[in-house]
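Chain nomenclature is as follows: A, B, C, D and E, assigned in order of appearance, with residue numbering initiated at 1 for each chain independently.
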Amino acid sequence: MVTKRSEKAGLPPGTLVPVRSRGESATVLKAFTYDEGSYKEITVPQVADVPPCADGTITWIDIDGLADLRTMNDLGERFGLHALMIEDILNTDQRPKIEEYQDHLFVVVKMLTLDEETGGLNTEQVSLVLGHNYVISLQERPGDILDPVRDRIRNGTGRVRKKGADYLLYALLDVIVDHYFKVVDALGERIAALERKVLVKPGNEDLVTIQELRSNLIHVNRYVMPTRELAGRLYILQNPLIEKSTRRYINDLQDHTVYIAETISTFREMLSSLENTYHAGQNARMTQVMKLLTIISTIFIPLTFVVGIYGMNFDHMPELRWRYGYFAVMGLMGVLVLFMLLWFRRKRWL
Amino acid sequence: MVTKRSEKAGLPPGTLVPVRSRGESATVLKAFTYDEGSYKEITVPQVADVPPCADGTITWIDIDGLADLRTMNDLGERFGLHALMIEDILNTDQRPKIEEYQDHLFVVVKMLTLDEETGGLNTEQVSLVLGHNYVISLQERPGDILDPVRDRIRNGTGRVRKKGADYLLYALLDVIVDHYFKVVDALGERIAALERKVLVKPGNEDLVTIQELRSNLIHVNRYVMPTRELAGRLYILQNPLIEKSTRRYINDLQDHTVYIAETISTFREMLSSLENTYHAGQNARMTQVMKLLTIISTIFIPLTFVVGIYGMNFDHMPELRWRYGYFAVMGLMGVLVLFMLLWFRRKRWL
Amino acid sequence: MVTKRSEKAGLPPGTLVPVRSRGESATVLKAFTYDEGSYKEITVPQVADVPPCADGTITWIDIDGLADLRTMNDLGERFGLHALMIEDILNTDQRPKIEEYQDHLFVVVKMLTLDEETGGLNTEQVSLVLGHNYVISLQERPGDILDPVRDRIRNGTGRVRKKGADYLLYALLDVIVDHYFKVVDALGERIAALERKVLVKPGNEDLVTIQELRSNLIHVNRYVMPTRELAGRLYILQNPLIEKSTRRYINDLQDHTVYIAETISTFREMLSSLENTYHAGQNARMTQVMKLLTIISTIFIPLTFVVGIYGMNFDHMPELRWRYGYFAVMGLMGVLVLFMLLWFRRKRWL
Amino acid sequence: MVTKRSEKAGLPPGTLVPVRSRGESATVLKAFTYDEGSYKEITVPQVADVPPCADGTITWIDIDGLADLRTMNDLGERFGLHALMIEDILNTDQRPKIEEYQDHLFVVVKMLTLDEETGGLNTEQVSLVLGHNYVISLQERPGDILDPVRDRIRNGTGRVRKKGADYLLYALLDVIVDHYFKVVDALGERIAALERKVLVKPGNEDLVTIQELRSNLIHVNRYVMPTRELAGRLYILQNPLIEKSTRRYINDLQDHTVYIAETISTFREMLSSLENTYHAGQNARMTQVMKLLTIISTIFIPLTFVVGIYGMNFDHMPELRWRYGYFAVMGLMGVLVLFMLLWFRRKRWL
Amino acid sequence: MVTKRSEKAGLPPGTLVPVRSRGESATVLKAFTYDEGSYKEITVPQVADVPPCADGTITWIDIDGLADLRTMNDLGERFGLHALMIEDILNTDQRPKIEEYQDHLFVVVKMLTLDEETGGLNTEQVSLVLGHNYVISLQERPGDILDPVRDRIRNGTGRVRKKGADYLLYALLDVIVDHYFKVVDALGERIAALERKVLVKPGNEDLVTIQELRSNLIHVNRYVMPTRELAGRLYILQNPLIEKSTRRYINDLQDHTVYIAETISTFREMLSSLENTYHAGQNARMTQVMKLLTIISTIFIPLTFVVGIYGMNFDHMPELRWRYGYFAVMGLMGVLVLFMLLWFRRKRWL
């Protein structure tokens, strides 16, 4: 989770640096052109082949993979994107944010997925540019999180075909935020399972799990908090690119982010509580150990002293000569033990 | 308490999903029509049978059970409710909130009850829609929390029959928030009982109880905080649906939510304090255990060494031959014990 | 400190419930009528007997005891008080607050006193209504906290006779807040005494005292915070009932509440610090106990083993036959002890 | 540090109470009259002897000691000071604050000094009144903190003689805030020294020092926070008494207070960190103690048992008759010890 | 990290004090004059030799070393800098800040570097003055952090030659903030390395490292927080010296500071988490130690007592005479041990 921004220190702002390869996906351009009645989907080799964005139709330029710098440059020139915006798209450890430019709106968000096997957290940056009648989306890797939106455009389900480019932007953000619920639910299930385990059969590994889950929550939170802020700003934004009727949907999006943020905060409190339970259990076991040691020592150390006395080899020890000396000593020690057991019982140690 | 929103991830916004069955109550529609002088109450099979909302009278459409999707659709069409609003009504893990629409006000709140047997927290979502001269309320299960309002309408007690639809909305919110006091009072009593137990007869189970109560408070708080916010927003709302004279009552409602929130915060501080007391008591007992072990060991281990010396079988050990060797050794050990007891007493260990 | 509001859950708002008896004081009505030159004080049996509030004079209706519901109703009718206001007056676990009504200002505050014997915190609710030329004050029990103001009116000392009804309201609030200093000073003295005790002669009971004091501070804070807010709101209030010249005094009142709130916050930090000191002392003592046990065990357990060797009854043990075997073993053990003592000294355990 | 305000509870606001004697300094009045070219300094017995404040010159009335109530009354009358202002001047545990009156500005600040011997914190209240062409300063004791300003007026160094009364007010505040740096630097040096000691040679007394330093920081903070607020308010104040060119200097003053507040906050974090280090060291030492005890016990308790076996006096114990029984047992025990030492070494306890 | 501002306490504001020598670098003046087409760089002995700032070209006066007070004075006179600004430049423990003056903007920031060998944090103050067509930069020591900007001017790369003085100011701030990433990345790597070490092979020195890293983060944070604030204020500043097109870049700068601040906050949470893991590991090891001690003692102390019994020298002890007494006792003890081992196994101690 360590940042690696320092590699760019000293370079002029706006310098384009190819994204460090994480799978090195080739850049794939797709263009969806649709209106309420019709729909067209093409895969094009370069930006120049994207058909012009005609009025009355919406164009979604859907780009997977950021490795090809030339595509980025072409995109910037064709749509008049600011150099800093292109830099932010390539720099894939941006903080989720929203920026208003002259003719378009620029949104950076993170897609989150939990690795099913390792339980680790994967993130992927998605950059979205909203123009008058087009949306450009850029992801790091080809992935299926945005597929539901693609399908809705293809099949004409939902409202997306009936509405403008701003609704498409919303639909993309919505599907990304919906995936946060998956991550949060998975973490919630692991916390619930851990809660049961800590009560029934606690072990040292539980603490490691708690720290792991907490670390996951810290990192999810780092993406959720600015996303919540982003949704809030998008809602109050006075920008002609966002129609009034879409605002209601953005409000819903904001509700979701608030809900997720509160769930994470609740989970963190539950983990703290769980950690307390764990430590209290540990302490209770430690106290048990010490009590056992103390009971055994308190009973047998004095007895051992007593039998030591009569093991001494003095010539003149009258008791040793007594007929019932041995039995008297044994009886005395039995009484002593009884007394001590009663005392421990009264102190509720036994 | 784990959310399960992820099931809807990827579906288009506004998709209606039947609520996961918690008791699977059938949907029951009631309509109360009243003005200051008259009152009518009917149970209708479907939305179409609800009489039109005439001017001068107030209609309360009181719906129990959300399972019937058709009713929801009819309701949305007849009263012009937004698709997202219907979705929120069905999605019963909403965060309490208030939303302004063109012609109505939409409020989501939670009813809280403590399960008397298990001490667990039950929640039920109540959605309220305020229109010009009607209120629609939707609950998950038939329940008696709203009954006092129903009775007041039936009997004409209180102000509800003399006032408008906004007062009815307030009366429903008020009766729901009043029930929070029941939950908070019950938790308060359990905390007070626990406080006495921890001081008199602490046990390991107390810590579990503390964690349970804290968990309950975390979850109650999660509903109370947004309800407080909701009441505050309702108070400052400039909406023609809310009459000025009703605002005074809403202010009272807001006071109640603030009071509850502060009580919860006080309870959490008391639980922390209690946990400290418990751990301090544990530590004190542990120290007692260690002191006993140390006293016994410090006294008897050296003595055992001494008697061990005179248990040795050397041919030439002059003391063993002395007349009063045995008594001298015994006396010496007695003095040693006395000295140690005095030393422990001076250190206040005894 | 547990709330008991739940008893009213479900009742229509504005329902008057007799205050739960804490001493069951009868309701006593007094009326002070005064201007700069003259002064009259009468005790009346019912509200109807209060003389009309003439222009140019100030009337203070001073009511002790809230048991008589009829008086409350009469009061509401005569002075046009809102039903919710009367309900708040009777409901004596209100949060301190200020409310503006059409013709009057409604203030709820708490009087705090420390029970000298038990150290417990007593609270009493005081409701104040400011009208054009009158003030109504309502307390739960007859008490002497407001007496200084009564005396100033009787004797014409201070400014109270020269100023309007708003100054009387201020004077009553001021005398109540001044009493908070008494509570805070008493708590401060107990903290200072505890601080000395923990350093000189700590004991288990100190921790209980710390928790008690913290609990007291939590509860005082619960009244002080809204009172501070109340004073701040009163200061910035644009209400014709408050003259501009009185605002300076209200500012002073606000300063006092801020000062008290900061003192409480400092006290809480001091208690945390004290708790740390206490636990650190406990730990240090525990370490001492363990060191003693370890020193004694480390020295004598090996020696006991050595003497055990020569207590064995083997037929063939050459050392036992040696002339100076016994003395050699004793010397060897002496050297061993010396060496260990030196080692402990070097480790600074002795 | 315990407040003692409760002594005034019940007295009418504005009552002048002689300050509780802390050294009982007599009240000394000095008047500095200066303009850019000339300068006059006189010590006068009473307020009436202060020369009138002529236009074009600045008068600084510099008062040490607050015991003389008559001087305070005269001052109030001559300069038209509000009764509450005089009360605040005498009440020397005010919170630092700024108040605007009709014709003057009233500022209360605290001078802080660390007692070099005890390390305790001394505070002294300074009240400052800024009028059109005069400044009145009132201190509790004659002291040298303000001397640099006096010297600058006498010698005409700096800008003070060239500027107005508002600059004099600033200069006095600046010299007081500059002294906070002395206190903060001294605390910083003690923290740094403690940091070294805790790492090299920790002792129980370190924890007491940490608590002492923390307590000092809590109390310094209590004065610094409102002073920071005061400087901020002074900077944004729209008051004709403050010239625009002086505002730049006040901004500088504000920077200093922010800097001090942040330094204190950093110091508190460093103390927490130091406390953690200390406790961790304690725990590590405790673990060492326990390990030693366990190693010694684990090695010698079984051996003592073995030699005990052969110390039994049974008639029929074949081993005792063996020729090399003794040596075999000794060898066996040697092997056992070796084995255990290896095991401890593998567990890294040795 | 202890401040040393107290040396100036009492001096008139605006007094220039030579900076305490840290390397005592001589003051070196360089002047860069450039426009889009041409570029000139000269090193001058004194301020008077700096060529006049002509319209249409940008002049950067680049000063290393602050020891020469005369240069500072000359600079102040020539460019009309306020005395307090010069004082702030020399006083090298300023808090990062931005100040607007009549004709220029004054920015103070800190350059951070991590000492590669000791891991310590070095800071250097950089003061920046932005005028109409010039920028003055002042550093404490000659250093290479600003070199990338110098090179870009020399080579005409990036946008710096095409833009105004405000862009130069931005470029300098940007290169300084970029270096924060280096510091943060280095700290991040050390935290990641520590995380691995604590899980695999924890040691006492880890805790010292945690405290060191935390201390570093506290101090970096102290510079980052005001820098973030500064960037935010610079962005919203309505000042004619900042062109609108530059604001987009400043927004980017602000994003970087926010990102760094959040990374630091995440690191602090990770360190807390790591500390918990460490302590939990310590506790688990301690419990292991205690369990071993308890198991050994519980098994052997009773056995030692048993063999002690038969070591007694009573004349009349029938068992001693039995033929198989010895073997019976040995067998009994073997059974006892087996039983205890089973019991420990059932308690999962073994």
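By definition in this document, contacts are C-beta pairs under 8 Å (C-beta built on N, C-alpha and C of every residue); 3 or more make two chains touch, one makes a residue touch a chain.
Every value quoted in this text rests on a predicted model; they were computed, and no experiment measured them.
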- Output for shared partners of subunit A and subunit C reads B
- Query: Would the interface of subunit B with subunit C count as same or different, where same needs over half of all numbers used to appear in both copies?
  - Reply: different
- Message: Rounded to a whole Å, what is the gap between the Cα centroids of subunit D and subunit E?
- Response: 26
- Query: How many angstrom lie between the CA centroids of subunit C and subunit E, rounded to a whole number?
  - Reply: 42
- Which residues belonging to subunit A are in contact with no fewer than two other chains? 286, 290, 293, 297, 301, 304, 308, 311-313, 317
- Message: Which category does the touching pattern between chains fall into here: line, ring, star, complete, or other?
- Response: ring
- Item | Neighbour-by-neighbour ring order, given that subunit A leads and subunit B comes next | A, B, C, D, E
- Task: Sort out for me which residues of subunit C touch subunit B in the complex.
- Result: 1-6, 8-15, 82, 84, 88, 94-95, 97, 99, 204, 207-208, 211, 214-215, 218-219, 222, 275, 279, 282, 285-286, 289-290, 292-293, 296-297, 300-301, 303-304, 307-308, 310-313, 317, 319-326, 329-330
- Item | In the complex, subunit C residues that touch subunit D | 147-148, 152, 157-160, 171, 174-175, 178-179, 181-182, 184-186, 188-189, 191-192, 199, 248-249, 251-252, 255-256, 258-259, 262-263, 266, 269-270, 273, 276-277, 280, 283-284, 286-287, 290-291, 293-294, 297-298, 301-302, 304-305, 308-309, 311-317
